[in-house]
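Labels run A, B, C, D, E and F following the written order; every chain starts at residue 1.
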Amino acid sequence: MSDDPRLSPGMREQLELGYVFGGLSTFGQRPFLTDPEQLDEWSPDVAIVGAPLDITTTNRAGARFGPRAIRALAYEAGTYHIDLDLEIFDHLDVVDFGDAHCPHGDAAAGHANIRSRVAEVASRRIVPIILGGDHSITWPAATAVADTYGYGNVGIVHFDAHADTADIIDGNLASHGTPMRRLIESGAVPGDRFVQVGLRGYWPPAETFSWMREQGMVWHTMQEIWERGFQAVLDDAVAEALDRADHLYISVDVDSLDPAHAPGTGTPEPGGLTSADLLRAVRELARRHDVVGMDVVEVAPAYDVSDLTVNAAHRLVFEALGGMAARKRDNAG
Amino acid sequence: MSDDPRLSPGMREQLELGYVFGGLSTFGQRPFLTDPEQLDEWSPDVAIVGAPLDITTTNRAGARFGPRAIRALAYEAGTYHIDLDLEIFDHLDVVDFGDAHCPHGDAAAGHANIRSRVAEVASRRIVPIILGGDHSITWPAATAVADTYGYGNVGIVHFDAHADTADIIDGNLASHGTPMRRLIESGAVPGDRFVQVGLRGYWPPAETFSWMREQGMVWHTMQEIWERGFQAVLDDAVAEALDRADHLYISVDVDSLDPAHAPGTGTPEPGGLTSADLLRAVRELARRHDVVGMDVVEVAPAYDVSDLTVNAAHRLVFEALGGMAARKRDNAG
Amino acid sequence: MSDDPRLSPGMREQLELGYVFGGLSTFGQRPFLTDPEQLDEWSPDVAIVGAPLDITTTNRAGARFGPRAIRALAYEAGTYHIDLDLEIFDHLDVVDFGDAHCPHGDAAAGHANIRSRVAEVASRRIVPIILGGDHSITWPAATAVADTYGYGNVGIVHFDAHADTADIIDGNLASHGTPMRRLIESGAVPGDRFVQVGLRGYWPPAETFSWMREQGMVWHTMQEIWERGFQAVLDDAVAEALDRADHLYISVDVDSLDPAHAPGTGTPEPGGLTSADLLRAVRELARRHDVVGMDVVEVAPAYDVSDLTVNAAHRLVFEALGGMAARKRDNAG
Amino acid sequence: MSDDPRLSPGMREQLELGYVFGGLSTFGQRPFLTDPEQLDEWSPDVAIVGAPLDITTTNRAGARFGPRAIRALAYEAGTYHIDLDLEIFDHLDVVDFGDAHCPHGDAAAGHANIRSRVAEVASRRIVPIILGGDHSITWPAATAVADTYGYGNVGIVHFDAHADTADIIDGNLASHGTPMRRLIESGAVPGDRFVQVGLRGYWPPAETFSWMREQGMVWHTMQEIWERGFQAVLDDAVAEALDRADHLYISVDVDSLDPAHAPGTGTPEPGGLTSADLLRAVRELARRHDVVGMDVVEVAPAYDVSDLTVNAAHRLVFEALGGMAARKRDNAG
Amino acid sequence: MSDDPRLSPGMREQLELGYVFGGLSTFGQRPFLTDPEQLDEWSPDVAIVGAPLDITTTNRAGARFGPRAIRALAYEAGTYHIDLDLEIFDHLDVVDFGDAHCPHGDAAAGHANIRSRVAEVASRRIVPIILGGDHSITWPAATAVADTYGYGNVGIVHFDAHADTADIIDGNLASHGTPMRRLIESGAVPGDRFVQVGLRGYWPPAETFSWMREQGMVWHTMQEIWERGFQAVLDDAVAEALDRADHLYISVDVDSLDPAHAPGTGTPEPGGLTSADLLRAVRELARRHDVVGMDVVEVAPAYDVSDLTVNAAHRLVFEALGGMAARKRDNAG
Amino acid sequence: MSDDPRLSPGMREQLELGYVFGGLSTFGQRPFLTDPEQLDEWSPDVAIVGAPLDITTTNRAGARFGPRAIRALAYEAGTYHIDLDLEIFDHLDVVDFGDAHCPHGDAAAGHANIRSRVAEVASRRIVPIILGGDHSITWPAATAVADTYGYGNVGIVHFDAHADTADIIDGNLASHGTPMRRLIESGAVPGDRFVQVGLRGYWPPAETFSWMREQGMVWHTMQEIWERGFQAVLDDAVAEALDRADHLYISVDVDSLDPAHAPGTGTPEPGGLTSADLLRAVRELARRHDVVGMDVVEVAPAYDVSDLTVNAAHRLVFEALGGMAARKRDNAG
């Protein structure tokens, strides 16, 4: 980035100061764009969008501070991906497009603003990566992506402890437990375009799983992963994703990770994935599939310890970027 | 539970409020019974009993607050066990029978009260699940169970980093490092009824292991698990347990978990089980064997982070309940 | 309480076990009543009501867990008030009346339920003490009290860093920054019945203070307290409260305390009261005035350290109970 | 700020999103300028500069993350100063001028860069407010200010537990324990221009105090404050500051606060100021004197709890801004 | 210390390394003596003794780790007491005499060993300063001191939230709530030799206060301090102590401090002393009276934050040493 | 140790008190030697040396407190290695040789002192085990070892997330990111004597890996471990180490562990080793190879939770000691 003529020398310096604990806290020390016209001017491959909304959570709150914490982490030792053997940002132009406005206590307005800010990105065929916020934000975010690529043309691989396919929770249709049902019902992402990974615990109830089965949804529980090993399940999930749609949206609830790896989240469920597994899964998907959108949600810093979860969320985005960069390099080669 | 005629409408509501952060903090939002006669009236399958005693610990204290913390967690997203495909409480009637009185600084009195409160439960052929407290509470608790089913008729699968078979520690016969020796010596649970899983580290000394061998005890170290994989060892442990006694008592020291999964405990030892492994092990045992008692001990909230350990303890009980419910369903089928 | 014939022996024991870290977590180990009819049967002086609602906060969330944390603290070394020279519960019959149902993400329903549960208490001329929850709960709670004693007949002494008299926040009329405006507008508690103590910082804006002045509100800033000393200001506040209405409602936002004394809250503002000051103020008011309702709000355990704030909240209620008990004793004398 | 034509609509929105947990983390949600020419274009009254350097600390490190943490706090309920009755930013144009480059492990280079970045500000007669970093940064920062106003023309009121007048520490002339000596020796700020407030504990040794006395330095220990009260000492300190120089630089080490109020610092010393005292002192100085520079140093987030110290540091700057705004308003009036 | 011929060059260096985070963790980097004969050889003025026993606590445990944490803090910026204008260790020879053996779960044995280790010190007319441990350790510690100076010849100034004069707690005569009763009953320290400072809250009950009155005990509650100011009360306490006995033992429970200043303790009670007050009180007593023993108890690191309490405990000892050094200097002068 | 005639009875007791939370905090409760001559007198097999230097870190600081924290942990349940079936200290004489002097802010002086203190140990053919400090300390430490055994005669197995082979970081040749390059360049440990395990993430850049390849370095990334399993990779690493040099130095950066297992470190990188894996690897190497030196670095207690990382570091040394003891026993047998 250091010789990008679109940045003033002072701006370049401030972004780079992330390396020494200072400067502007933007995601990965990338340029911060504020207005849609700047997206036209820059025409990046990927734009980060924050969605600081957490008022639909059913247990511990705090994901409202997720985007800020992930950006504040902005320390970066380097951007060369060891396993992929590439400088991520040599192949992929990434910007930080700021946050959607999520007003206090008004989930509907927040969701509308998220949809419209993500649409500014997706409609330009720039890949939005959304930092939650709670999982309800996937409804507007993935809808905005489907609006561009066509309803039914986008599949979702969804990492989570919970299926998030409830119909309604305490009267709320747009809860963090219902986004996948809404996407299916609206046709934005039909049920048979879904692959879920990491389910465990005691929710949702049996009738919801029946409904999911009827929709053609596919899921891999932790029990299956425990029995077959993660590599085998991941291979299946990648294949299933490729089968199901031309374009892929990845939705990562950090509670798919075991609480030992991601304590800073709202509804932790023991017995989850390791960070090693999840990081590789995301990278592999991004490398093998045409990713057109992604979110990382449910990072609640107040419950985090030593930035474990914030750090994991940051790296999950980096692995996706690495995979996308490698795909672009390989396709160009 | 919501239409149980034994509960007043207000009591039903208060128990259910656990779903929205409120109401009475009982284990899993189950009814709280206080008097033995209520056990007769309700005749549940399982009764939770707290044993808030921690004055025999040899390193960090604090397990006195274990039962309270596990109950205060009482948030519940659901009670449908995904992997077992059943609503736990449709098959199993579970109540919270409160705590044994563990007076300050008087381990002997606490142990006596634990034995007698657990006996109130076990003597009615209700399965007691005891929330510790330090591991010394297994002596009175398992004795009370053996009193009902007959000395020698109950086997113990014991998950722990430490064998807890010392003879005496600093003059203390009823330390958290000695309960298994006491059970063996009294004949309540003979040594050849024991299967231990998770041992590691630097204690007890060689002579204790010799004594254990003489008693016919069986154990599986983390080293063995590391070499053979947990599934293989678990299969052995289940088979050994079935061989050894008609009835099973499960004793879970949360320090069998790796400290990354259970930091909130008194004597953490790196290199332990994952929560995924331990949750499955407990469920499998409960499903395959006639469980007549269980304890989960050494949860020290002051050393916990983000409720990792409290959460794990809560789920360990839920997995046992799930396994017991599945066994009951399958046997009924 | 130990010989109260309305409690079974087992229930008495379980309540008393709070002394040794166990038993039922009710406020101050008081009996837990669940149904309104029990209020008739018991006819206590005071009933504790939880209001676990925090979705109107404008900064850090988490007060939803306030009531549970305050109850879980239930350790009690004693109930003899040293400075008042009385056994609190010898003079005052106090029960825990559980929580109002505050469904996920639906502030309106929660507020309605809070109003109705508090009304069950207040309409029986029992004094409700409400544990928040965020400060929005004062609107329904104080309204329910005014419904009983008559609009205009209840004054409020309000301890807070913030006046909470905004008209509307991000479209929300029932935010935690607006309850006092709502009470004034509805006539439940006219502006000239208000005394505010502890204001500081940078909010609300000048026009709000103008409006407050027009309503006849009285307030004492930390600046005034810093200049005149707390004792002098407290004397004024007590006198003003006595002047303004026959009955008193005390509303305590724990952020009136300095963050050093109450870090576990949503909108901490440095430069506040010490716990010594606030405890005495509450006691003095309760002793000198006819308190008919009280709330303690904005306790957010996720941001607390070593239970500083939870502990302070618990003691604030105890000081109010102590003051009320002394008043009853002195009036009886 | 919302209609400032120099900001694009998108930039305005992103800055304002600090109110709802999002957007750019700049100090107080002020515009972030990166290049010196922007200072000419904007010509603000005050510019915030970060100095993330902490490698000269003699106990706990971590102040390198101070500027980032103070900015990340950027939640703002309002900007109306209650006690001063003014909208701070209506009277004072404030920008965030980013950070000086403080390379890893090279204190000399960091100090040079701090001096030069502060000089960019001060030389334009804009008031720099520097966020540390450890206290060594006061040497270059105050020197840069004195370079503009003339050696000897700037006085310093220095709040601290420690005099920071050592000659050399472990061979280091530019330690966080020596900046005041360096300023005095160079003539930038002669000793008789210094007023120190808050000294306590066991350092520096007697000979350093003798040297300080020879330089004409004035100091007020916590012992004096404890005996005479803070108001009296503050009155003296203000008067002394006015006597000593035409211009004032305020240097605030957060360890002047008691550790209960500012645990997140490197060398905490019990027995310090309350936040109420220090906030008022800073405001009063800024209102009564011509402040030409200020720093707030030694905020070490890794040792902070619940943002107590970060919050205090943020408010210390706000109180200075409030005082400066009031002075400007009053002088204009 | 650096040229003390009794220390080898390597030992001197290792002790001094406390200044740079290393070396041996002894109290204040003083020489660590292990055998009583070394006391004869060194003949110091003061010897630090640890008493890591916490099994008599009635709420949160953990003071067993108090001595270790206070020693591990051993960072020392200096040893010149600013307010007293003296180098503490130029006037006072202080050593660390290690810990008494407090075996697991055996309070009686621990108390016996504490008494005997303190006696090794006191009987040589060296002043023991005991680091607790819970408050029960004052019984054996102060008894050992009275054994030397004569029963009735030693007065105690006791800083605490609680009077600790219960007769028996849950059957325990040697609880942390009973030491003062035991000292009075045995005649070691008659009741009319006691001055208590800091009492507040709800314990002990009225009848205990009656008994205290009968014994001639004097106490100053926080309520009195709040009304009269700490200086006035301290002046009284110093005078009362001088009146009552030739020699003084100071017993400091850190819960005399407000929990904001000392969160790391077992039974925190809001509304206590500031560290500024308590530090000055201890120093003043040590300077004005012939201190022959002291303890600092109830430091529970697991509940501490950012070492607030550990730091305060360390400084409380330093203030006592400072006061004693000044007394010695002044008497010599 | 208890009958070692070189220790006085009191010293023996104080060292053993580590078992009950007290006494001297030395590593593993081993005797603390201070002067080189004592090394001659004792002639131990292994000497622990602390290197509390952390000023070369590029992200979070705090490893300066690593040695102190690891020693303060000194609780020890036992020293019998279950899997190796031996009492560690029956076969291996281990002492604590204190710390190297690492003056504030002067890395060069610290490095020189580390080299010289390690040389005191290594030159006597005693195995030094160095507790860091940041990773820069490996340069002087391993050089001191190579000085004894000959340049090129010592191989290094290096566990780390990062290769630490940068040439220069911000002008610093002796950074914590450069030690391996310095060792290779000086010839102390040629590149083809290195085996690295655990590399992952985004640093160093491609050109550094090219340089590493040219030097003949061998490395195993987490990606390889994820694909092949740790056992297979460990077998290779052991074989490679045996091939490469007669003597082995083990360098363990705790960030080779996953942050879930070692949060308390400066540059955490998700996706790392489990403690179970790393403990076994270290033991296996120590048993199969002639270990002549070892370090455990980058333990930063301020970022640790519940002592997870400190505990792991302590056990890593114990596993090395266990492996060395077993090798000695087996060779003797």
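What we mean here is this: contacts are C-beta pairs under 8 Å (C-beta built on N, C-alpha and C of every residue); 3 or more make two chains touch, one makes a residue touch a chain.
None of the values given here were measured: they were computed from a predicted structure.
By the document's definition of touch, common neighbours of chain C and chain E comprise B, D. Using mean Cα coordinates as chain centres, the one most removed from chain D is B. Ranked by distance of CA centroids from chain F, the top chain is C. Inter-chain centre distance (chain D to chain F, centres taken as mean C-alpha positions): 41 Å. Between the Cα centres of chain A and chain E there is a gap of 55 Å. Multi-chain contact residues, meaning those touching two or more other chains, occur in chain E at positions 20-21, 58, 64-65, 103-104, 170, 258, 260, 303, 305. Applying the touch definition to every pair of chains gives A-B, A-C, A-D, A-F, B-C, B-E, B-F, C-D, C-E, D-E, D-F, E-F. Within the complex formed with chain C, the chain B residues making contact are 8-11, 13-14, 17, 20-26, 32-36, 38, 50, 52, 64-65, 67-69, 71-72, 98-104. Those residues of chain E whose C-beta lies close enough to touch chain D in the complex are 19-21, 75-83, 85, 87-88, 231, 258, 260-261, 274-277, 279-280, 305-308, 311-312, 315, 318. On the side of chain E, the complex with chain B involves touching residues 54-58, 60-62, 64-65, 103-107, 109, 169-172, 175, 302-303.
Listed in rising order, the residues of chain F touching chain A in the complex are 58-59, 162, 170, 177, 199-206, 209, 221-223, 226-227, 258-260, 263-264, 267-272, 303-305.
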